[in-house]
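Several structures are given next for inspection.
Look at the two complexes coming up: chain A is in both, with chain B in one and chain C in the other.
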Partner chain A sequence: MSSEKPPLFKQTSQYRDWRFTPESLAQQRAANNKKGIERVLQGLREEAQVDDDPSMSETRINEAKNNLLTPSEELELVDYYLQMVHVYALTYKRNGLLKPDAVNNVKATAINFIKRFYIHNVVFDYPPKSIMLTCFYLATKVENAFVKIDDFIRPLQSAEMKRGGKAQTKNEDILDLEFVVIQSLQFELAAHHPYRPAYGFYLDMQAYIEDKGLLKEVYEKTQSYIDQSLYTDLVFFYQPSQIALGAFKLAAKDKDLDIDPYLTQCFEARLLESLYTILDDIQDIVSNRNPTAVDKAREIDRKLILCRNPEKNPNSKLYKKKVADQGEVPYQSDSE
Partner chain B sequence: MTATEAVFGEDINKETESLYKKQRKLGEGTYAVVYQGQHIKTGRTVAIKKIKVGNMRSGLDMSAIREVKALQELRHPNVIELVDVFSHKTNLNLVLEYLDTDLEIVIKEKNLVFMPADIKSWMMMALRGLDHCHKCWLLHRDLKPNNLLIASDGQLKLADFGLARDFGDVKRAMTSNTVTRWYRAPELLLGATNYTGAIDIWAMGCIFAELLLRAPYLPGDSDIEQLTTIFKARGTPTEEEWPGMSKLPAGFKFDKYPRPQFSDLFQGASEDALVLMNLMLTFNPTNRISAGDALRHPYFSNMPRPTKPAKLSRPKKEQAAEIAADGEMANNEDSRKRQFKDAFSDDDVFGSRPMIAGQANNATAAGGGGGGGGGDGPANKRMDMRISSPA
Partner chain C sequence: MSILPTAAKQEIPAFFSQDDSCPQCKSHRYLNSSMKLLVGPCYDKMCEGCVHRIFDAGPAPCPECGRILRKNEFYQQVFEDVTVENEVRIRARMATAYNKRQTDFKTLKDYNDYLEMVEDLTMKLLSGEDTDLIEEIIEKYKRENKALIESNLTKQQREEKIQRMILNQEKSKRQQMREEYLKQLAEEEREKTEAKNSLINALATSDKSAKEIIKTRTVQLKKSSLSNRNSNRRAQLEIEALLKSATEGLDDDDEEMAEDVDDGPFDPSESPYEPAKITLREKYDDPTPVFRQGNLAAAGVTREIHYRYLLEGAMAGLFELPLADKTDEASN
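And then the complex of A and B:
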């Protein structure tokens, strides 16, 4: 049957710590957003005390209050940068830094890491643009497709220069966030994706479906539905093999292939009933995905500039002061 | 219904960190420092392996990534338990279960007498741990006696997953430059980039033989010599025995050595033990026995029954400590540095370990007492994972 045997999947960290219902996920995000906003305002108040001009600070706080992001705006912004993962993956592939056979896994893991990251963070603290790059870089390591940091930032810099600016991205921009990211991932780095189970289903179905040519077309189409599924929250609700099968159903529908004979032969009627419910839900979520357009992302990004938490913003006066204050304390090694 | 609360990554991390205290240093190298520590509330003794990352050019090092990634997915009585992980500034801290000796120390401790049932027990625990790894689609890629740690209750645990990676995707090439030389499977020595759990089984076969012999079975002096060492001990395989061997990257013609009588060397070993060992040391990786099948082999159900872990012989506390401390001292800074450079220069970044193989030459061959001051033994490798109890 599926290459993901349930008892084994239940031992994975993905199952253990990264499973939600749509409701619990929404609640978590709302709670993060609320707490995140409190921290922004708190940070701005602290910064006001650092600032020489208190009246300006008042303006800043009001500006922030008028531009606070809602949970769904946070999500929309993150979604835009998830799409950028795809763009970067293609760039690295073109440059030969990412081998073709590693692209899917690196991409899917990077996207997964970003999604997991924002279950334990808010964009006010860590804007997705830089988190995306660090997650991407971490994903190359995790997926055995390591790229040296100097090579990794080169395409980013040349893109910046092409846009007519200076090369801005530095090694530290990516590496400084590595610990921030990995701790938010709860140091759990294995991510399971629907690609491999989909391949397993494809092999399996060959014994049940006559038209092998059509089946191959369906399988190829399935890949693109899996690509789409990565951007959704499905990974938090269902197992990779279920998502793979949902993608298969969508592709089969497009190509007018009936894969139900395969399903009815492989699963008991009782199980099949609950499986169909799951597959329907997966198909709905994938088909109804609504990617954030660039204009929308730009608009949210602009608001975010005004409501960032200065405590986490390396360019803020508060951050710089805190670093300077820490500098006065002699570094204490934790080794003794 | 309780209200959902925001849980931020850095708060989780701080809370985890606050649960433990470091008590004393067990050993230090360029790569990591290992402390004995304690869970403050429960009092549980743990080992805290602090990996220094701050000075790495490309950030978090591959072997740290591999180790954390693998151990988070493995929960098994015969695999070292990763209790917790936290970061402090740019250090990564792995909280591991505290294990006080390893199989290498046990093998080298000449005062200990092994009964056949003891060997059976160690092999059974090692294979159970390995079977679990393979079921989770993980290759260990660095099995050898000093990576098989032993708990105070006698349980043997696979440790040091710094080279571990997932496998099963036939389209993706993996490095053949892995596993410490003496335990490296012939297909790796011939440059295979598409291999399976069979490479770990070969290493287990070598460990099995080492338990029977109380000395390394296939101690080659160099990578080239290693194959010759294997062929001399096991006979050169024919094309029939291992079809496809000559097609491997380094698969040229070798001198033909006859297959010796194994029972001559392994005197006192039972027939079924030798049969299983030979199945684990089969040349053709496709025919080599799997961990699961090895566990179902009659050797394990035949008499004598495997010794209960708690009854297994173990070095006296002081002896273990002495050897262990030696190992800590023997850490060779130079070799570590070289490994780091290497860890990031390889395509499939396999991590750092293979270099160690190059330094393992005269280690066990010299016999007995751990690495000594020269730092050339496998002992130098030992410290990063080794959680021994000096003094």
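And then the complex of A and C:
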């Protein structure tokens, strides 16, 4: 029998289409940001013609120019909404809409979708607040934990009312973006997370590590490190199993457990050498993560209101005119 | 190599009917049961005797239609219907001239166009219109593509040869295995009777206790059957070596193809992916043994599937290196 079979993980769309180097990712984001800004200014100029009020639009354009977001600001804003995914996941779990054993996967998939979405789009066109909800809604379907759209928006509306306003979120806000999101994801909806590998490692290590109680504690701690890793870009650089093992090492360090004997007994030293550099990098990135604070996010959000692309904003005059003229505003991704 | 699908070459029985009669000498199958009816290129029939009589002296006109025929152009009929016979012959002839393969074309469309062109020519030949013109086209094509046609022809012959060789190999392998098996059976039978006889002898002549003798004998018996099995194993290996040397005996340029073929029969249940390197253990301290949940258990999730799934997840791509920085990646 020939042994030229490909390994299974290389056949995943995640491996094929969603791997980057840190440099290429940064370059792509910078390029998207630049193109996005051009579109914003172009959109504002077009809106000026619709508006019939040149003086007003001049100030609008100047305002936008003063408040443009840099690529890193875009990232910070997205990061804040990634954290919101976690908050929403807990809310849905509390309301009994998400089964407890589905929470991790739905959350991880939603976060993954948002991150993938902003590789091909910018926040000027699609603000992360609505994209986050759509990705979450999509993730419940993908992870086989479907929440009906009416049930889905109820907690959102009640939160809005609690804050003293009236319920604003409508079904369409989420559903209208769904196809846009799926297109940006290149119709690839399978996401692989470190939770399963971590579970596998936990089981595999049991034969090598004496202290079962401590190992279990380490495994539980590992999960929280994996939660942290989801917010980083690690998923674009490394395999889920590598991220899981990195998280395991971090957790083991916290609990004073040495898992190296497991690795040296199970794998060849030649292979381990490169694995250790990978694991070190993963541990670095996870432990150095710096979540965006609420205040900072609010500040960026405020700037974003001024520099949104009116062409994609359903509330703008330009958008309404285009819809009236053409029926719809076609979706166009940055990377095409 | 003859290209015509004669009955002899294809090992297909020739067409045969009790009502056959030769239109020339009027001899009938009823009177002459060994009569052989042959068909010429003009699809007129006559018996073997008439063919000899008329064409032994060289080319002569067909007594039915007047076309000039040669003796070696006659062959045994395969199909009852001569139009079918005609079509098969024309198609076989076209296939030798137009034997390009898909790999000879750049795109699938080119290949399909070529096939359509060939089919059009064939249909025209079959309908009998403009035969001369078509023949001219075919001749021209043959001249222009001489080299390619020949190389494809040798390729085809080689494939056929290998196919035949494989069939023969399988046949001889089966035969050898059967012989080996029969031999083994006979050997075992012989040993059994021998052991029995010697046991009876020992019981009759020795002065040890019967129990002791039986005990030592059973041990000996076990040993001998073990050595027997070992020798069987050796025989098996010998057969395999023999077969291997048979495949190695192929011509040089056949080797590559033989390797392709040697992959063995296709097994649909075999995984198309590289098997994961995991070790399943007897017992795990599992916080959530989902395979015990009713719905999953009913769906066929067993303990093994559950653990295999988790461990394979852990080992998938564990040693995969991250992408190296490339400029084309960035512009993508």
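Throughout what follows, the second predicted complex is superposed on the first by the 320 of 336 C-alpha atoms of A that agree within 3 Å, B and C clash if a C-alpha of one lies under 4 Å from a C-alpha of the other, contacts with A are read in each partner's own complex, and residues count from 1 in each chain.
Methods note: a residue touches a chain if its C-beta (ideal position, glycine included) is under 8 Å from a C-beta of that chain, and two chains touch if they have at least 3 such contacts.
These numbers were taken from a predicted model, which means no experiment stands behind them.
Superimposing the complexes on chain A yields a three-chain arrangement in which chain B and chain C clash. Of the two partner chains, chain B and chain C are each touched by A:101. Using the contact criterion defined above for the overlaid structures, shared-chain residue A:244 touches chain C, although it does not reach chain B. When the shared chain is aligned, chain B and chain C each come close enough to touch A:27. In the superposition on chain A, A:36 makes contact with chain B only, while chain C stays out of contact range. In the superposed pair of complexes, A:8 makes contact with chain B and with chain C alike.
Judged by the touch definition given at the top, the superposed model places A:271 against chain C, while chain B stays out of reach. Looking at the shared chain after the overlay, A:138 reaches chain B, while chain C stays out of its contact range.
In the overlay built on the shared chain, the residue A:263 is in contact with neither chain B nor chain C. In the superposition on chain A, A:216 makes contact with chain C only, not with chain B. Once the two structures sit on top of each other via chain A, chain B runs into chain C at 295-303, and not at any other stretch of 133-141, 277-285, 295-303 or 313-321. Residues 8, 11, 24, 27-28, 101, 196, 335 of chain A lie at the contact with chain B in one complex and at the contact with chain C in the other. Residues 263-264, 271-276, 278-279, 281, 284-288, 307, 309-326, 329-330, 332 of chain C are the ones touching chain A in the complex.
Interface residues of chain A facing chain C in the complex, by the touch rule stated above, are 1-3, 5-11, 15, 19-21, 23-24, 27-28, 101, 196-201, 203-204, 206-207, 212, 216, 237-242, 244-245, 267, 271, 274-275, 278, 335. Per the touch definition, chain B reaches chain A in the complex via residues 3-10, 12-13, 22, 25, 33, 50, 53, 57-60, 62, 65, 68-69, 72-73, 75, 85-92, 135-136, 165-166, 168-169, 171-172, 174, 344, 348-349. Residue ranges of chain A in contact with chain B, taken from their complex: 8, 11-13, 24, 27-28, 30-32, 34-36, 101-102, 117, 120-122, 125, 137-138, 141-142, 144, 146, 148-149, 174-175, 178-180, 182-190, 196, 334-336.
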